[in-house]
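In the two assemblies presented below, chain A is common to both, partnered first by chain B and then by chain C.
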Partner chain A sequence: MSRIERAEQRTALTFVAPALLWTLAFFLVPFAAMVLLSLAHLEGREVVQAYDLGNYVKIFTDPSLLKGIFVSLEITMTVTVISVLLAWPLAWIIATQVPPKYQRLAIMLAVLPFWTSYVVRSYAWALVLGQNGVLMQGMIGIGLLDAPIQIMATRTATIIGFVHFFVMLLTLTIYANLIQLSPNYARAAADLGASGWQTLRLVILPLTLPGIMTGAFLTFVLCIGDYITPQILGGNNELSMPQLIMLQLGRRGDFPMASALSVVLMALVTLAYAATARWLKMDRV
Partner chain B sequence: MRALSYAYLVAIFAFIFLPVVVLVLFSFQAGRLPVPPFDGPSLKWYAEVLADRGLMEALRNSLFVALISSTIALTLGFLAAQGLARVHLPGSVIMRGLLIAPMTVSYLIIALGLLSMFNVIGVRPSLWATGVGHVVINLPLCFAILFAAMGDHQKNAERAARDLGASELQVVALVTAPMLKPALLAAFFLSVTFSWDEFIIAFLLTRFDVTLPVEIWSMLRSGLSPATNAIGSLVFLVSIAILIILELTVFRKPKS
Partner chain C sequence: MKKTATTAMAASGAMLLLASAAQAEGEINALVWCDHTDPALLEPFEQAHDVKVNVKEYEGTAAGLAILDQSRPGDWDVMVIDTVDVGRAVDQGLLAALPDDMGTGDFFPELVMADSNGRDGTTYAVTEKFGYNTIAYDKTKVDPADMDDLSILWSDKYAGRIAVYDYYLPVLGLIGLEQGTATADLTADSVEALRDRAYALKANARQVSDVVASQTALATGEVDILIGGGEWVTAVLSAENPALDWTVPSQGALRWSQSIAVLEDSENKDMATEFVKYIVSPEGQARLATSSCYWGMPANRAAGDVLTDDQKAALRWDDQDAYLANSQLYPVPDADLDLAMQDLWTDMLQQ
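What follows is the complex of A and B.
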């Protein structure tokens, strides 16, 4: 290695160092502190370090805590599947049926509600879905319902609120994938005798797997870690993991248990990453 | 096929717009509850939120945190991308992995980690603590966007500038930054947006001075009110206005 190259390397390292130090000090170290804390216990109001797995044992044996894991997983899986099913046709229609001139406008409209604040968006769904809300009153008005049905403060409301947000996100990742595909794929399939439906199902759909999986992974991460939507829309009948974590922090001040739940949450996300990693483009940035 | 497509578009756009329309419509409600029947239009709730000291203070706090944290995230992300894109460093894959790792971690976990650490070293919750958290979530974003935007042509231009005697600072300020202007702006505005809208980190890491999402959250606890619609609509309309201005000025594609 020449002297110039080594000097260049040294300069490059000084450029990277501040960002690395920031990530180390405010991401890795806090994370390690949290893992350590998860091995401690709350005795009275004091946190006592025990270096044991008591909190984890409790998470997997206490029914109310264990249920949180299942509630979160069920909601997140449902949301991810429904969002993909709704977003794919939308992205495909915008990429292939809408004239190119208007595609940018269509995408901007599709993500318009993104520009409301996240908290406010969940609140807006509470207005729509409530007993006296627009949806129930509207359906009673046109004779579809006799009396309002309970959607607010149920899992359905949480799922609707989540799907609304993640359809926007998935439309973006799938659309970005679709417009990069060469039209030659469809032409070649047609030349080989495939019908329009066959081309869509056997050629185009598999080619959009990277876009679907990137979006699905982001959906999983953001959905399973979100406190706002289940708290505002889902009520307190069943608690998701973030709600349980906040409950430990708030009412009981049980930092060790909150930390242990967070580590479990983190492990679930890592599993999701492992399951989708082969399609993700994120490691190629 | 086309008719079916447009029917689907109409249906899904109705779903996407429904809460926004309801939000904005009932911000003009004259009565005390933001539910049908609509009895406006009235601007009284806008007058109320604009006169609300706490809310306006929170709005200023949010802007302050967003601008400062985004500036730091952009600077750190830019330098890191510059360093890693230019020469091959031993361990560069690990460094890149470490830099984007926070992207795959829930904000709640980042917040809890920082809270635990700040507790141990005795840092009190504040807007500054929140800002630190916001840099953590936005640094990977800025780094990824800028790293992806750096290419060979730019490396060559930098090399030429260096050959002509430019100092390292001059190269960055006069060659690299102007060449990357669109990516820099995109990264900055995305960071501002995420910081501005972020709730859980701000909720756990602030105490007396809070940001706007936290203030709105505490409004929600007193039940449904058109005042919440009004502040939500205001934030939405301002965001859209800024977006349109950016679209028409900064991000407009040069006509060929």
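What follows is the complex of A and C.
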């Protein structure tokens, strides 16, 4: 390696060092501490370091804890799929059907819900979905229902609250992907005899996969780790992993089990990343 | 490596900021529940004694003890604590002995609780407020006569119209009462016997929710009944929503009570003791009973001379003798029983 190359490497390291130190101090070290704590036990009201996998064994053998994993995965997968199905057409309409001078306004309107507090938004949904809420009273008013049905305090309410939030996030990532696509792709497909639907399905859709998968991955990460929405809208009728973690922390004082559950949660996120990594090309989004 | 769970629980450094500030002359620092943060309660004392009362809210005895554990000696002067947990604080040497004349002569006799508030003839705390975990309901939606029987909550009549207060101690205690088990007799085995009944209650309920969500659900008509609720949920809303009410069913209710104490390391014990005396005075008691955060019965019966008729009606003042006779204290579980109850509660939530 030449002297110039070594100098360049030192310069690069100098620039990267703050970020590395930041990651080391605020992610790797706390994560290592969390893993270490997950190997401890709660005995009586005391935490005893044991260096064994007892908490992990319990997570996968205790029906209530195991169910928390499935509840989280089921909700997250449902939210992600519904959000993608709603966000893609919305992003496509904004990117291709709305005149360019109005696209910024359309995107701003799409992200308007982000301007309010997440907690406030969840409580607002609670009022909308409740027995005497706008939705039920509206449906009764126009004759669709004779009496209110229960949506609030169910998994459906949790999913609605999540989808409302994540459709906007996905719309942004897919829109960002769509407007980068050259119109020549569609022209070339038409020249080769493809119909409009075939062009959309076989050309445009595959080209937007990076945007879809980036948004889907972000949705997965944010949704599976969210405590507020299932707590407010789900009515505690089933517990997701973040709720179980909070239960260990706030009520039982079982920090080792909370740490073990958190490690499992991170493992699920890592698996999701591994499954979507090939599409996560941020430069295409 | 060993460390206590309570120490770990107190990881937040922010809570130390208030306590770590140098305590100025003419100030006392009080570790309190939210009902003590009402200016209408604090200001009369501050003006009368030319003193500033700094308050820090906490929830749960473990959290309160953790705050003390992480504070410097002398940072705190006064503490509000669950009456049944006063002994824990005494065991740790945290509380100062109080004078004999704390004005408990006018208290409801059941609320003096000398055994809980004292040790070997020395008083360390005074009961200041109490109430019930029982049944709260909307009397325009349910038959109030039905609410006299706790078992009605397991029937089809009110299926899907019930919220369960998300706190395992009182609700499992109530399920025990419905099954004929006194709270003092709860053991790991007897708690296990409540499992099916707890699952059945959950199946009949619309939701299991914290204080705010429970109160909201009852007030907005989402549910008509709240098991675990009481005057602390409905009384504060009585003026704007008179349909909300509560009662103690024939099987009984759980009685909660909170005490106030002076901390052993306080450097301002005289003023702290004056504050405790103010809180248990008839005027202080009336203000505390109707505090903006939540209402509850004053331990001092003489507060009845200060409360209005409407306030007393919301608190069901005239029923107190009967309610006191038909209520039991919270379960005081050891670590094993506590974990058994929490495991059952978690399993119930996941049903």
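Here, the second predicted complex is superposed on the first by the 262 of 285 C-alpha atoms of A that agree within 3 Å, B and C clash if a C-alpha of one lies under 4 Å from a C-alpha of the other, contacts with A are read in each partner's own complex, and residues count from 1 in each chain.
Quick note on the criterion: contacts are C-beta pairs under 8 Å (C-beta built on N, C-alpha and C of every residue); 3 or more make two chains touch, one makes a residue touch a chain.
The model shown is predicted, which means the values in this text are computed figures rather than measured ones.
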Please work out whether A:Ile232 is in contact with chain B alone, chain C alone, both, or neither, and reply first, second, both or neither.
both
Contact-wise, after the overlay, does A:Phe255 reach chain B, chain C, both or neither (first, second, both, neither)?
both
Should A:Ser64 be classified as contacting the first partner (chain B), the second (chain C), both, or neither?
second
Is A:Trp115 touching the first partner chain B, the second partner chain C, both, or neither of them?
first
Check whether A:Ile75 is in contact with chain B, with chain C, with both or with neither, and answer first, second, both or neither.
neither
Which chain, chain B or chain C, ends up touching more residues of chain A in the combined arrangement?
B
In the superposed arrangement, which partner chain does A:Leu13 touch: chain B (first), chain C (second), both, or neither?
first
After superposition on the shared chain, which partner residues are touched by A:Gln49: those of chain B (first), chain C (second), both, or neither?
second
Pick one for A:Leu127: touches chain B only (first), chain C only (second), both, or neither.
both
Chain A positions within both the chain B interface and the chain C interface are 126-127, 130, 132, 232, 249, 255
Residue positions on chain B within touch of chain A in the complex are 1-2, 5-6, 8-9, 12-13, 15-20, 22-23, 26, 33-36, 76-77, 79-80, 82-84, 86-87, 89, 95-110, 112-114, 116-117, 119-120, 132-133, 135-136, 139, 143-144, 147-148, 168, 196-197, 199-200, 204, 212-213, 216-217, 220, 224, 228-229, 231-232, 235-236, 239-240, 243
So in the complex, the part of chain C that touches chain A is made up of which residues?
1-6, 8-9, 62, 160, 166, 168, 206-209, 213, 216-217, 220-222, 335-336, 339, 342-343, 346-347, 349-350
Chain B touches which residues of chain A in the complex?
5, 8-9, 11-16, 18-20, 22-24, 26-31, 33-34, 37, 86, 89-90, 93, 97-98, 106, 109-110, 112-113, 115-121, 123-128, 130, 132-134, 137-138, 164, 167-168, 196, 221-222, 224-228, 232, 242, 245, 249, 255, 258-259, 262, 265-266, 269, 273, 282-283, 285
Please output the residues of chain A touching chain C within their complex, sorted ascending.
40, 42, 44-49, 63-64, 67-68, 126-127, 130-132, 150, 152-153, 232, 235-239, 244, 247, 249, 251-255
